[in-house]
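Chain nomenclature is as follows: A, B and C, assigned in order of appearance, with residue numbering initiated at 1 for each chain independently.
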Amino acid sequence: MESSAATQPHGLLTPAPGAGRRKAVNKTVEVLCTIAAALAVAVLLLVVISVLLKGLPAINLDLLTKNPAAFGQPGGGISNSIVGSAILIAIASLIAIPVGILTAIYTTEFAPARISFGIKFALDILNGVPTIVTGVFIFGVLVVGGTQSGWAGAIALSVVELPIVARAAQEVLDLVPRSLHEAGLALGLKRWRIVLRIVLPTALGGLITGAVLGVARVAGETAPLLLTSSIWSNLSYTTNPSQALPNIPVTIFSLSESPSPADHAKAWAAALVLILFVLILSVVARAFHERSRSRLRG
Amino acid sequence: MSVTTASRRGPFDIHARLADRIGQPALRILTTLAGIASVAVLVWIAETLVNQSRPAMSAFGLGFVGHTTWNPVKSTFGAGAFLYGTLVSSFIALLIATPTAIAIAIYLTELAPRVIRRPVAILVELLAAIPSVILGLWGIIFLSPFLGNHLEPFLKSFLGWLPLFSGSPSPYGMLNAALILTIMTLPIVTAITREVFQTTPGELKEAAYALGATRWEMIRKVVLPVARPGIVGAVILGLGRAFGEAIAVTQVIGNANQVKASLFQPAGTLAAQIVNEFPNASPGVYQSSLIYLALVLLVMSLIVNIAARVLVRRRKVG
Amino acid sequence: MNIKVHRITMAATAVAAAGAVAACGGSSNSGSGSASNASSKTLVGAGSTLVAPLVTQWQSPYDKATGVAVTYGAIGSGGGIEQITARTVNFGASDAPMTSSEASACKDCVEIPWALAATDVAYNVKGVPNGLHFTGPVLAKIWLGQIKSWNDPAIKALNPGVKLPSTPIVPIHRTDGSGDTYVFTNYLSKVSPTFKSKVGSATTVAWPGGIGGKGNSGVGGALASTNGSIAYIAIAYVLENHFHYGLVQNAAGKYPAPGVPSILAAASSLKSVPAGGKQGISITDPPASAAGAYPISTFTYVIVPVQASSSVATPLKKFINWAVTSGQADGPKLDFAPLPSRVAEAAKADVNLIK
């Protein structure tokens, strides 16, 4: 076996000086690869566990239900940021999810192939635009000469969310069997009825996956909000989106830079709230994804 | 055919047709508008940045990109130092992330027992879901003291003769930012590399084994060459992510406008500079220069993303 | 044919969408100043992080007394000037007086002194006790990167008997536009010609090196975690976080501790207060006659447009009047000195300029 490998004509395998060395090299690489994988998982666990260890002791009812305390006062919480984040995410999703899914329907059902390709490409590029640039853009369009506001923040988030929702929706709509269309057409149904009655219900699981992934992604977005919704009153509740809305990511950002251990504790607690939200959404999205994929595929 | 179905519907016929007459174009127009909006946003972003960076462009021209002075007192601005910081921190990140990602992908596609392949892959990908501000917080509290007190003194004692590891260790600086960016780009590069590996034709692998190759020889001679364009695409995509990361980098890089060879020294990046100075820049050339920074960043991310998509796509088609 | 029709509808929708987009952009711009249309039950302000502890201290009692909620964003003095210039807030707050170009951009704004504070030099060096002595020129050389280690002869000479390590000095500065930066660079420019020509004095300057932190809080964070570091921080943040702070030599050659008495001493060196709310009052590096004066003291200002919108003018005047009178009582526990009566009177006169 070894000799045949050494003499085979196309040079696919370099002639090995000895089986022992080749096996040793192989083993080394295998061990290195295993270590690399272990390392990556370890880093994830390290981050998650430090958030848990630091965040859990800091979390209490006050933290979740109270507003921040005045400078130098002990106690206080992050409830205004939790509420503000919820509002920002809700508005952003109300914009991004419908527009994203409609875009996906356009590319899979109506658009000519070239336009469809162009839109998909543009969405991929949009997905790659740094979110700080999105923040500068929304600042330039909505904040300059106006004011920071929850609306501006939410619209910035929706720009980040849109390509994620749209691409995920496209992917799953592409998987809906053409035979379902043909069956609909054979029954004399118009395109729009086929889309609403057959395609969308079939793809529902996948559409939800995309929406949930989009929400998970923007829940932690900090950079766009820093430029569009970061000036707020610490002591009072704001739920009015025409003012800047407090939010968890910017709160973590400013607390993280503070020298005070009490602020760090609050930052960890806020991080725990955020990471649980994001990781649970990601796992849920994945579960939906697997289910709808296996159903659609076969 | 359609006539018979219609007549069978009887009294609903008119309603159904009326609904068809409205519903069909309505859905079409609605979806078309959404499609146009999605593309228009991208154009609008570029247009806004170009427009609003005009004062800085006319003041500093293209030389802005390479100029390393950033002095609000004298109203002289240049992106050079930040461009340097962005490129160096991202390249170091990918230098560490790429081999690691390839190793993980090899483990996940070739070595790992079948039962743990999916869970491990999911765990690695979940790393990408951690918000960057949390990674930055972790970087400030855990990573920076470790770097300042242990890793950097260690590197200095062994490799201190290299300019890269000279100077005094510092908890905030280029190395810290690069490591955080490594953690951020790792899952992206891993996910794509793994996908590409999985598409290696089984016959080729079996052929290599049949010729007596060890697993590593098979990977080196069959899997890697086939996957190369895909891996390059993945790395470039990771680079795009690293270029644009603003928050976590701001938290750990030390935010100094300087070009230093030593990786221990504080530095700045395009994105971090925008985070630091944008909220309080006075309108005029100052603010416009920061928007110009954003434009430079946008152009970089466009180039990188287009290149990566073309590479990854070509791989899929070919 | 079919394709042609399709292209035409595409083009039409594209035009329609572009129109909608343009309309959107237009309306959002014309929707500016929504803060100034806010009901008179709220006042929105932003700016200086130095004065932030005091303003947040004011919020709750003022709300209780008058039913007016004051919102304040601590975004840095540069940001405060920018926001009030854009009229996105009802008042801006800055520790730096507006430059002439900023003042003209702000279009009829008055800056009213409403608090008196100081910027401290704090440090974190293992084994070095509180209260190191510094002089202005030494501080200038540290931030210029010319004095590089803690056992530099220049520092040793000022601190006989203190054991100083060879730890490298890491100067920390603010990355956001900051009144502390203004006060500190204004002081260093007065005492060091080299500093004046190389760096200058403004809310954001080009530092030759060191670490940057965002806000007083960010600077404090970097200070706390970096051995060998030195930073300029608002006094309230220094005491809140128990940092070691330096004593800076004044023109009389004394080393007064930063605090209410020494800040007041600096403020009382003031001979006259310019009226009309158009120019700042610098009290850094006061003359030797003020023997107990802390040399890096500063007034901090509230900046308001003369033409405030009708719904805001009355509550705004009331609030600032309250701040420069009753509000001053909250100062000392946060190490803000109360305004000298001469300044408070001038401030009240300035408030009346608001229409």
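The working rule: contacts are C-beta pairs under 8 Å (C-beta built on N, C-alpha and C of every residue); 3 or more make two chains touch, one makes a residue touch a chain.
Computed from a prediction, not measured in an experiment: that's the story for all the values here.
Comparing the centres of all chains, each the average of its CA atoms, the largest separation from chain A belongs to C.
Inter-chain contacts peak for the pair A-B. The distance from the centre of chain B to the centre of chain C, with each centre set as the mean of the Cα atoms, comes to 36 Å.
Separating the CA-averaged centres of chain A and chain B is a span of 13 Å. Chain contacts: chain A has residues 141, 144, 230, 256-257 touching two or more partner chains. Counting partners per residue, chain B has 32-33, 37, 44, 140, 275, 279, 283 as the residues that reach two or more other chains. Along chain C, residues 75, 86, 213-214, 221-222, 225 each make contact with two or more other chains. On the side of chain A, the complex with chain B involves touching residues 1-2, 4-5, 8, 12-13, 22-23, 25-26, 29-30, 32-37, 39-41, 43-44, 46-48, 50-51, 54, 98-100, 102-103, 105-107, 109-111, 115, 118-119, 121-126, 128-134, 136-137, 139-141, 144, 159, 162-163, 166, 186-188, 190-193, 195-196, 216-217, 219-223, 226-227, 230, 249, 252-253, 256-257, 264, 267-268, 271, 274-275, 278-279, 282-283, 286. Within the complex formed with chain C, the chain A residues making contact are 70-72, 112, 141-149, 230-236, 238, 242-244, 254, 256-260, 263. Those residues of chain B that touch chain A in the complex are listed here as 1-2, 5-6, 20, 23-24, 26-28, 30-35, 37-39, 41-42, 44-45, 48-49, 51-52, 99-100, 103-104, 106-108, 111-112, 120, 122-124, 126-127, 129-138, 140-142, 183, 186-187, 190, 208, 211-217, 219, 221, 237, 240-241, 243-247, 251, 271, 274-275, 278-279, 283, 290-291, 294, 297-298, 301-302, 304-306, 309. Touching chain B in their complex are the following residues of chain C: 9-10, 13-14, 16-18, 21, 75-82, 85-86, 102, 105, 168, 170, 175-177, 199-214, 221-222, 225-228. Here chain B touches chain C in the complex through residues 29, 32-33, 36-37, 40, 44, 69-74, 140, 144-145, 148, 168, 170-172, 250, 254-258, 266, 268, 275-277, 279-284, going by the rule given at the top.
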